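Here come two complexes built around chain A, the first alongside chain B, the second alongside chain C.
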Partner chain A sequence: MTTLLAQAKIEGPEIDWAGLSPLIALIGGSVIVLLLGLFRARPVREHLVPFVALAAIGAALGLTIWQWGENVDLIRGAMRLDDLTLALTGLFCAAGIATVLLSWRHIAPRESAHGEFYSLLLASLAGMVVLVGATDLITLFLGLELLSIPLYVLCATEMRREGALESGLKYLIIGSVGSATLLFGTAFIYGAAGSTNFAEIAAAIADEGISDSALLLTGVGLAVIGLAFKASVAPFHQWTPDVYEGAPTPVTAFMAVATKVAAIGITLRLFDVALIGVSDVWQPAIAILAAITIIVGNVGALGQSSLKRMLAYSGVAQAGYLLAGVVVASQAGVEAAVFYLAAYTVMNLAAFAVIVARQAQRPDGDDIGALRGLGTERPLLAWPLTLAMLGLAGFPLTAGFIGKFALIQASVEGDYTWLGVMIVIGSMISLGYYLKVVATMWMTSSPEPGEAKPAGIAPGPPVMAGGSPEADDARAPWEVVLVGGVFGLLILAIGVYPQPLFDLAQDAAASLSGLL
Partner chain B sequence: MAIGWYLAVSVIIFCIGLSGVLVRRNPLVILLCLELMLNAANLALIAFSRMHGNGDGQIFAIIVMVVAACEVTVGLGLIVAIYRRKLPIDVDELKALNG
Partner chain C sequence: MSTVETFTWLALLLPLAGAVINGVGFRVWKGKTAGVIGTFFLFAAFACAVVAAIKLKSLPHEAQHATSVAWDYAATLGIDAQLSLLIDPLALYMTLVVTGVSALIHLYSVAYMTSDEGYVRFFAYLNFFVFSMLVLVLAGNFLILIVGWAFVGAASYMLISFWYRRTTATNAGIKAFVINVLGDVGLVLGTYFIFKGTGSLDFLTTFKEIEEGAAFATENDGDLVAGCLLLLVGAFAKSAQVPLHTWLPDAMEGPTPVSSLIHAATMVTAGVYLIARMWPLFEQAPAAANVGAIIGCATLFIAATIALTQTDLKRVIAYSTMSQIGYMVMAVCSGAYVAGLFHLMTHAFFKALLFMAAGSIIAAMANVQNLDKMGGFRRSMPFTYGCFIVGGLALSGIPPFSGFFSKDEILAYTAARGDWHVALAVIGYVAAFMTAVYTFRLIFRAFWGDPVKEAQELEAGHMAHGEHVNPANGEPEDTHVGFPGPEHHIAERAPEMKGAMGVLAVLATIAGVLQIPFVTHWVDTFLEPTFEGSFYFEDLHPSDSLTIAGMVIGASLGLAGIALAYRLWVQKPGTTAALIERFRPLYSLSFHKWWFDELIDAIIVRPAAWVGRVCDQQVERILINGVLTGGTTGLVKSASAAVRGVQSGFLRYYAAAFALGTVAVTFYFLVA
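Right after this comes the complex of A and B.
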């Protein structure tokens, strides 16, 4: 017996290091940043740490581009590296870079600790990459939790401010309920199909005629609810405005963008790959959820005076638009969803950058009143926010217009014309609050001219000075203005010349086979 | 014994956990109830693993335990931070962000 055990050779899974390299860059960066944060010297903590975090994300982005076009299973089918994974990883890296720049001189990392803040950010990014690449229920759950648990902590990093801890605890409780529901659902799916692998689940549904088994359908229902919590889809969205408002603004930007991309990404893969055989069951369910989400999100945003809360409700509505791409379960649907995810990322990051800049200038920077007269006083901040608002509302010549167009076209082609109509109605309602922001910026004047006094962030020595194009805008940290400007320009660039992004989205959609 | 009984127990535990999260006010009790929900899923996973005769469910359950431990660690950390700030430890009283 002992000799038998000694001779037994356990074959470890073959690991494709090249395919895993973006993930390794993020996790390695997370560890290095955590250790660097232990140094006592201020410049190391305040500038080297975020710089290394930026370098790690940059490396991950570079490796993602290097791997583009690969189509392989990693670690015996636990994850899949295909263009969908890579495209979404690129979006996460963009969101990560923007978040690091926005937090560079923000109060949140200083109040917790620089090393921990950026390390958790990188860990959360790694979780997102794991999640969107998952082709196994176990990997799915692991990725989801690796994404969420660091975020719970990041929400609470501004410990001394009222509401930060509350937002962290709220997110933890609601997020965990969502995860537990999803886990219970995956347990049922495993029970019905006898495997945790997506491809084997799809095969079991196709071959064994379990598509009407109560076990499987309960599992699918619970999985939909669990993912709806994560993607803040109504009626499971109530946590969103509270958590977005309470969290530090850079973290809010990261949550709003990257978490949504990850949640929609895994929804695409889980439903369009593993559960495609029972699409006649989940399609109507998700379509109704999408319609409710569009209405609830847009109506909820109308009455908000806090910009972060408004963007939270707007994010709920956008999740509804994105679900339309999932519902149709076609190539065009996935393509439109990926395209809109990219547009959504760019538009929201531009908007949040302006809010961060405004909060650095005055304590009530989150309030819509803080935007009065911004257009004449600080056009460098007003333009990105204007473009972001017009883009989110879906004006022509912006990324949002092209994205919505693609989503509506996909839903019409997929026999869900009424959902396309819902998207149009939602966009119409959304003009009510997006245009209010634009009007406040350009059509009212500042109440007390010259009042804007520096608050929140101490100016500090301009360490990164030199080569700054925004040197005239002394009070807002230049890197924040830069993020706003770059993403604002991208909104316009994608809107005017969308073809390259469409090609990328098409590649990503082509990596999902077996669609309807 | 038939799989149905194991499933029934696991569904009951899940519902107890869920109703606890919805009804109880003390965050510590809510964390306990979240653990109940996760463990209900574990029970279902292990029962299914036995039914199918493969190890996937058992591996899944072990990983869930690790994740549950991490979640509780973060949750307890947040509760301690709230306690130190002398905020009320009652989720109904935490309403600075209501809207």
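Right after this comes the complex of A and C.
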């Protein structure tokens, strides 16, 4: 027996450790954080755990930068590490770092145990990296579930608040339907193409003339729906406002940003690589979905008094803009989409940081009324939110303007001028709610302490969720203000000097070949 | 980035830094700190401009015009919008003039504005103005030029209305802004026509294409002439040329350093700079250049006649500014680029000096600007008097003061063009005679004669304190806003003001040596790389006899004017009244400023206001507000209500919507 073992040559598979390193950092970090959470000492739980999580994400970011320019297949073609994967991983890491900072002194990790909270966060991040790198339907599904399941739990981490539990449950049920639809779709695609690998699917569509097979097209349709769900594209968006509003705000920020990046990222890869052969079928479908999304998101956001709900609808609308980059299936489209994803990440993180800070200060921090007089009283909070709102609305000199410009240009060049027009109309409507926030901050004064609350504003979450009314003058945690400030400045920096980000987006777009 | 570029960018950005520091810290800076900050940044910018100019001239000839690109803003869709500066001798020449004169005027303001409540705000605005002006003169493409052009207009508006509680000041600001925006529109449309032909916003590319015949190959091409005429509209509005000049005299409502810096030395010469910068365009479109020359000539004559009879000290100098800019516009439109730009510089020196001296008198008069109430300041303010004399002699074109050389160069070159340009030169000489008359009218009436009450008090060592009323219309006003506040400054007592005026007086005296006919050609040599390839720059030169004749005529006309003024206002003070009676219509024409204000009011302002009222009451309220806006917002609002209505919060409805969506999408894919 011993000799037999000694004689047997165990040939391990070739593993590209370097290529997998960002992923390993995240998964390893997840495990370490979970184990660290077992220690009972408060400093370990409350400070060491988030610090290690931060370190893990930082390591992943560093490794991502180190790997920049590599274009290799990993795990026998199940994943691909190229500049698109790396660029999006960079965005995930930025979102992850911001989320850790926002959660540091938030109530959610305290309620649910720190180890578990950050471990789930890291696992979800790992899932996103897997998802955007997927070049195989199986990997795609694996990544999607790895990103979703921790999020279902994270939504409910404020365990003693009804809204959080409701949010987690809703997300779980509707999310499962979405996942099931996607799985169904991938099965159909496999059935038609005979392979789960993106490249082989593309080859099958090109060579075997299955581009009008009902099996394939049904599969494509169901895949569109599954991914549309994740990216909160109308009419599959309805979970978004409820879940965003109920979830702990740092988690909402993470979902709003990272999930959207991941969903749009894999949509780009799936449709622009594997399904490029049937582009003339899915292009109009996604274009129409994009148009519906832009309208629904923008008109839905009007008249919301909860900032998180408003940002949820705004996120829906922004997903519609982003789909324009997918629709045209061109180099310019991918470039514009990646650029806008980066801008979107920066703008939303700045906005959510301000909401988190405001919620730490007063129980109704999520309400637009909480912003009254913010401009004169707390300019450090008002400026990032102002820049974020102007950026999301697409004002010149902000990141959002350049990003939208690129998307519209890509649409026009890709013969989808009407979609570009839709983006403009959507932006026009969006001013109605973005500017309302800006106006509330700068053009109204804060109510006197004794003044009754204006009618029509929903009462804030229960005391348990955000602190007591006496905490009104509490100082916002400095790390939250820092997140807002840094991302607020980035909005401006990208808007004034967009070229470096353009170059990055161009590299990322160049890693997809065979586009229209 | 080469040394030249680095220092040019520094010269551009230092005033911005000053504006930001003063603007952000307006609650922090106490006393004269803001003034010191602003002045320091301006002197630093001037030093950088000097270094850049010296380094530039040490480069080989062809390397002396280059575009320095900070970054591409939008290099897409056939647009080449870059954040770029064009660094060449002309740009640096303007930079030197702007930063140099501005630095001195900042220094002057440190003392002049001390007692004003808005001290910090004043310096923040003033620094911002200098930054905008530098953007304008350093712009490397039309886009940046338009930005600088508009910024300058905004800065001018803010500074004219600086004493915002005076209705006269706010009205003057609005008037200036409206007319300047008209000019902005002209500039933008002109840019469009030029861009249409060349496909480039970049200056050097545009010039190259025109030079090589790649665009606008035929002379007087329709689009090019239209473009150039529209550029001229922009230039006329900014440079207060007829008929877009009416804002400039009103702009004298601003603080005197503002009149000195913006409405005499720098901003109003932007039009001259623009025409000189665009010489390849104007040489290819001589029709437009001729229009410019004629308008410039008309302005210089009309403004000189008006200046003869006005009684407001600053307004007389303002009309004189218009008239002098008319000379410059006529010069650059006639191909005498160097002469026009040389006059731009000397004029900046002596006109800034005149305004500063006027500010000193106005302070001594406790804010009264009416010439009728002044007199006899000669003994009480000898320094101011000396400066006024130097400035006046330079303005009247008396040798060897700087204005003599620059004005005569303009007239000689214009005459050398021959044909009808000779007529322009003759009118120029007539106006030069009037210039000497009105300039010395000011001097004799303000400084000679019996000392008025204020002058007597000053001799006794006190400063006059006026009523708290707006001198322009007699409205009472509080002491918080508006000069002079509790204490005020005159050049005789404030070392900062004295220093700034002293330097300018020296410059106004000796700047002529840069360009003495037959002797020195320094301005020519400095600017040569910019005008390389220009037909007029290389071939237009007055003959020796013409030059000498011009100088003799110019000098004797100036002296004759002074003599006439001396006779009218010193020897026989009553003569003017008799003259007014004899030439009543002519006097009215001049005194009522040729009725330009009334004319514009009748044919533009009133009809426009009427149209505005009709649009507001009929079109806006019923059609726009009711139907268009109301309909659209109603649609959006109801859609919003619908979306929120569907959002019931119940999972079963969401699942149903999901299922419906799935069916719809799948159906599409199967049918397609």
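Heads up, the rule we're going with is that the second predicted complex is superposed on the first by the 477 of 516 C-alpha atoms of A that agree within 3 Å, B and C clash if a C-alpha of one lies under 4 Å from a C-alpha of the other, contacts with A are read in each partner's own complex, and residues count from 1 in each chain.
Criterion: contacts are C-beta pairs under 8 Å (C-beta built on N, C-alpha and C of every residue); 3 or more make two chains touch, one makes a residue touch a chain.
On a predicted model such as this, the values are computed, not experimentally measured, just so you know.
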**OP:** Using the touch definition from the top, say if A:67 reaches chain B (first), chain C (second), both or neither.
**Re:** neither
Subject >> Which superposed partner A:165 touches (first chain B, second chain C, both, neither) >> reply: first
**OP:** Quick one: classify A:241 as touching chain B (first), chain C (second), both or neither.
**Re:** both
Original post:
In the superposed arrangement, which partner chain does A:330 touch: chain B (first), chain C (second), both, or neither?
Top reply: neither
Original post:
First (chain B), second (chain C), both or neither: which does A:296 touch?
Top reply: second
**OP:** Have a look at where A:173 lands relative to chain B and chain C in the superposition and call it first, second, both or neither.
**Re:** both
Subject >> Partner chain in contact with A:386 - chain B first, chain C second, else both or neither >> reply: neither
**OP:** Under the contact definition given at the top, report the residues of chain A touching chain B in one complex and chain C in the other.
**Re:** 170, 173, 177, 181, 241-242
Original post:
Once bound in the complex, which stretches of chain B touch chain A?
Top reply: 3, 7, 14, 17-18, 21, 27, 30, 34, 37-38, 40-41, 44-45, 47-48, 51-52, 54, 56-57, 59-60, 63-64, 67, 70-71, 74-75, 77-79, 81-82, 85, 87, 91, 94-99
Subject >> Residues on chain C engaged by chain A in the complex (per definition of touch) >> reply: 71-72, 74, 76-77, 636-637, 639-644, 646-647, 649, 651, 653-655, 657-658, 660-662, 665-666, 668-670, 672
Original post:
Where on chain A is chain B touching in the complex?
Top reply: 137-138, 141-142, 145, 149, 152-153, 156, 159, 162-163, 165-170, 172-173, 176-177, 179-181, 183-184, 186-188, 190-191, 194-196, 241-243, 245-246, 304, 306, 309
Original post:
Mind pulling up the chain A residues that touch chain C in the complex?
Top reply: 170, 173-174, 177-178, 181, 214, 217-218, 220-222, 224-225, 229, 235-236, 238-239, 241-242, 281-282, 284-285, 289, 295-296, 299-300, 302-303, 405, 409, 429, 432, 497, 499
